[in-house]
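In the two complexes below, subunit A is the common chain; its partner is subunit B in one and subunit C in the other.
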Partner chain A sequence: MNKARTNPVSAAAMHGALILYTLIALFPVFVILINSFKTRKAIFREPLSLPSSDSFSMIGYETVMKQGDFFLYFQNSMIVTVASLFFILLFGSMAAFALSEYRFKGNLVMGLYLALGIMIPIRIGTVAILEMMVATGLVNTLWSLILVYTAQGLPLAVFILSEFMRQVSDDLKDAGRVDGLSEYTIFARIVVPLVRPAMATVAVFNMIPIWNDLWFPLILAPAEETKTLTLGSQVFIGQFVTDWNAVLSALSMAILPVLILYVIFSRQLIRGITSGAVK
Partner chain B sequence: MQASRFRWHIVIFLAPAVIVYTAVMIFPLFNTLRLALYTDVDQVRTFIGLGNFNRLFGDPRWSEQFWNALGNNFKFFFIHMLVQNPIGIALAAMLSHPRLRFAALYRSAIFIPTILSFVIVGFAWKLILSPIWGIAPSMLDAVGLKSLFAPWLGKEAYALVTLSLVSVWQFVGIPMMLIYAALLSIPEEILEAGEIDGITGINAFWKIKLPLILPSIGIISILTFVGNFNAFDLIYAAQGALAGPNFSTDILGTFLYRTFFGFQLQLGDPYMGSAVAGTMFAIILVGVCIYLFGIQTRMRRYQL
Partner chain C sequence: MSALTLKNVFKTFGTTEVLRDISIEVEKGEFVVFVGPSGCGKSTLLRVIAGLEDASAGEVYIDGNLVNSVPPSKRGIAMVFQSYALYPHLNVANNMSLALKQEGVSKAEIAERVQEASRMLQLDDYLKRYPSELSGGQRQRVAIGRAVVRQPKLFLLDEPLSNLDAALRVSTRLEIANLHKQLDATMIYVTHDQTEAMTLADKIVVLRDGRVEQVGSPMELYNKPANKFVAGFLGSPAMNFLPASLLEAGDTRTIGIRPEDLYLADDGPLAATVQHVEHLGGDTNVIAFVGEHQVTVRLFGQHDIRPRQELKLGFDAQKRHYFNE
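Presenting the complex of A and B:
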């Protein structure tokens, strides 16, 4: 049908360009991962070769396990990310339901007010946020991070979810009302299950920036027992700059969880972006 | 009908989001802008109007660093606009080709750097570019370009460009995905109509697709702008709070961090920090307004 659009030369050129860029994108990750399993000598002598039986070594990982409390950091990151996502989705979908379902005075203004935060980064308010967290005693607790990330994620969540909730058919909800369901039951039992794909998109969008953030952990929760994995690896690597084995292993340990999450969720993420959720 | 009865459920649905958002985001934002008008006189918070901004823009102790950071931030932004977005568009154009094999594989692989944290990206590139390890020089040697190698991150003249390119490497996935989505939404009939008129291949891209995706290019431009003027993590991870060498990679985010928290000999000053944050807010606001009122409304939108 559309044979005119593909000729073999241009197809080969496209594959060439894409393979080249894919190599550029993956090369640093690959180099870090393979070298983390090598002895110090091999790291310097043959940085680009795969670990062999000669050069294989886990010494870097041993140092990391001994020196840094990576399980604690990992646990902190997990708690912060999961809790923030939970609140973003719960509060975000509730607000989105109110805005998309009911006509009331101030609906438009409320929508615009909540949308302001899509474009304005929350970091601008850091000075006052720290002051507030100190005043309320939340500094150096995971709650300070959870609150900040929830506030940061809400604007886009409300925006995306209300777009999707507008598409839920009125007949379904009215049928529920006729059956005597309360507004809360309609929200929880009818609307939320129908917008589950949109909620997954919102979760995936928010997950990566929260997990990777360095700014707020550094400012609000730098204490040893509240360090997130991102901050923990930053500090660890800063202390062990000259121990190449340890640095490479710490980097690999920081890469792996994200990579695993990405493999699990990449479909959802890509579908979310390409379905026009952020257009 | 229901006017007589107050609909409490609307309040209950809205309250949690509005309260958290107002208390943790909007209120601190304005409070920070307010704090920028105060200073510390003998440990007492004193109102000094625009004094902090005068110091920031005019007092050589502050202004030199501020203008340096602002200038660097603009360079950082222009490099993203000139390198990241065109590469992103080119990749998206190739990926959206209807007959391309392995498109999903390329797409997922090219997006991987975007999901990594700045700490990983910063250190990984620092190691790769390091003259001690020698990966970069030996790779250049392999293609006969060894003479081009320099410890880029350690040279004032190159460090900012190098870090900008690392940041481009990390974030190229975002414009790629957004443009890819826009290209997929172009209906087949339009392209077929163009084909009948003899517009195919690269011509179809320039004459048909590009004008249709201009709104998406506008969106990625403003996202790049906001992201760049609020950047901090990569520079901090790779070069530390001092944004070395000799502040050549200092941007507003790292400058804000140093001003607010202090470093080495300088004490942190929350009021000056607020003034820096206020300036960043103004810059981002101007950018967003230019986009919303100057670009978005004038852009020709085609009904697809």
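Presenting the complex of A and C:
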């Protein structure tokens, strides 16, 4: 491993491959960003050129601001994402703690049951979910989305977090017990801070699919006041005419909050990935 | 009233019996060491006393009170763990004061007790540091300090020295002995190292396979071991065992002689061939064979003995031990 690192040829090859991958991954984002600042004609004439003084236009952003309640959509997406992440991490870590810490009958079976959701996509149950939401009167509320996303994120969260919590030293928890900490305090004050990298990992893995999801907002909460950003952007995509300026502008703005959340979690995330790999 | 009483304590995990019928009395102010080979149940016993494991049967009394169903924090104990188990996100001062805060001790008293402990353990310069910024020995002292500030009725120490290097182990051992005298506290100390047991203990409890083999002061155990296991476990180099039939035909017992009780004697009853000699300066350890049985002879001072040399060994009749095993 050390040899490979110091060898300049393989180092160059490694960096080359990574740079290439970065370019490929960033290219669509780059195209979206530059085209969101161009006139409609310029988008189609030269989609890959940078906006010039001729082609520069804010028309897309203006359309987005005028049409529909963009800030409300934005706010809805934010509420749904943050609330779902909060519940996933809260319930996921509590379940993981119970599974990893306590010996009880059916511990293994319960762990498998909770992990089952990793293998079965939640969308299979869409019809049943919709029926339940109708029955409980939650259709067209943000709660319907938050509940579904929490359910969707929990299996993987429980699975990952319980693995990490098993690595927290038993002596540490016992020291807490001898010192008079309650089980809740041990969980909150000792275990959770130690698995924070894993929690950041879980948060990032869940955040992006939730933010980008179109399926459940379309089915469970399509009303104007509960539309999410992804769903809201769909008004610009028509069957016959698509307002590309507006679509691209909306998408560009939709990237920002995820980016910010990602930066918040990323420091933890890097530690999370390596701590799992190097251990 | 004794500080700790165990009455017929059993512990089973599933179908494995880890502790079998353990009854022990510990007097106030005593330093008791549980010693035994790994897997003998000594750590489990400590955890049962701490309340981290429930006894499957039997009674645990601390200070005269039955504590079987009392949670660890209410038992009046403090524990030092083998891995130190310091809270990584708290600095030294907070590590030591956490339990007191939980108990609702006043701030002024917490500060006073932490200061007292840190002075005793020379931790004054490190109070603001985090565990990751401390060396192994310092972490160990913080772990002990965390126990000291609680002023417990009973200190429980689970192999506290096993993660330290040899030199530090000797000095920390001394510190623990001094601490015991200063605090006049009752301490229970678990180790697999017979030297630690011999040097620290007022009373040693030798455990094997979840059973108490013998209880007594270090010298009682050394001079009057109840059985071959205790005899072989305590003392370094270990006791020599020879079949008694070598000396008296037809005797089926085993004879045990400590290495220092053997001496060179031209008319000695044992003929030995030297295999290896360890010159330690103050002592000379001679490893030799009597027939096919290996014996160690510990001679005081320096001796010019070479491998393959033939020796005659003698011993005092009252210094030998007989075992029916």
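Here is the rule we go by: the second predicted complex is superposed on the first by the 211 of 279 C-alpha atoms of A that agree within 3 Å, B and C clash if a C-alpha of one lies under 4 Å from a C-alpha of the other, contacts with A are read in each partner's own complex, and residues count from 1 in each chain.
The rule we apply is simple: contacts are C-beta pairs under 8 Å (C-beta built on N, C-alpha and C of every residue); 3 or more make two chains touch, one makes a residue touch a chain.
Quantities reported herein were computed from a predicted structural model and do not represent experimental measurements.
Within the superposed three-chain model, A:Leu194 lies in touch with subunit C and out of touch with subunit B [touch as defined at top]. Once chain A of one complex is fitted onto chain A of the other, the partner contacts of A:Phe30 are absent, as it touches neither subunit B nor subunit C. In the overlay built on the shared chain, the residue A:Ser169 is in contact with subunit C alone; subunit B does not reach it. With both structures placed on the common chain, the touch criterion links A:Phe71 to neither subunit B nor subunit C. Of the two partner chains placed by superposition, A:Phe86 touches none, neither subunit B nor subunit C. Between subunit B and subunit C, the partner in contact with more residues of subunit A is B. Legend: residue contacts after superposition of the two complexes on their common chain; A:Val178 is shown touching subunit C, with no touch to subunit B. Within subunit A, no residue touches subunit B in one complex and subunit C in the other.
By the touch rule above, subunit B contacts subunit A in their complex via residues 7, 9-10, 12-14, 16-18, 20-21, 23-29, 31-32, 35, 87, 90-91, 94-95, 97-102, 106-121, 123-125, 127-128, 133-135, 138, 169, 172, 177-178, 180-182, 184-185, 192, 195, 200-201, 204, 216, 219, 222, 226, 230, 232-233, 236-237, 253, 256, 260-261, 270, 273-274, 277-278, 280-281, 284-285, 288.
Contact residues of subunit C toward subunit A in the complex are 47, 50-52, 71-74, 77-79, 81-89, 98-99, 102-103, 146. By the touch criterion given at the top, residues 2, 4-6, 10-11, 14-15, 17-19, 21-22, 24-26, 28-29, 31-32, 43-44, 47-48, 87, 90-92, 94-95, 97-99, 102, 104, 110, 113-114, 116-117, 119-132, 147-148, 150-152, 154-155, 158, 182-184, 187, 208, 211-215, 219, 230, 233-234, 237, 244, 247-248, 251, 254-255, 258-259, 261-262, 266, 269-270, 273-276, 278-279 of subunit A touch subunit B in their complex.
Contact residues of subunit A toward subunit C in the complex are 169, 171-172, 174-181, 189-190, 193-194.
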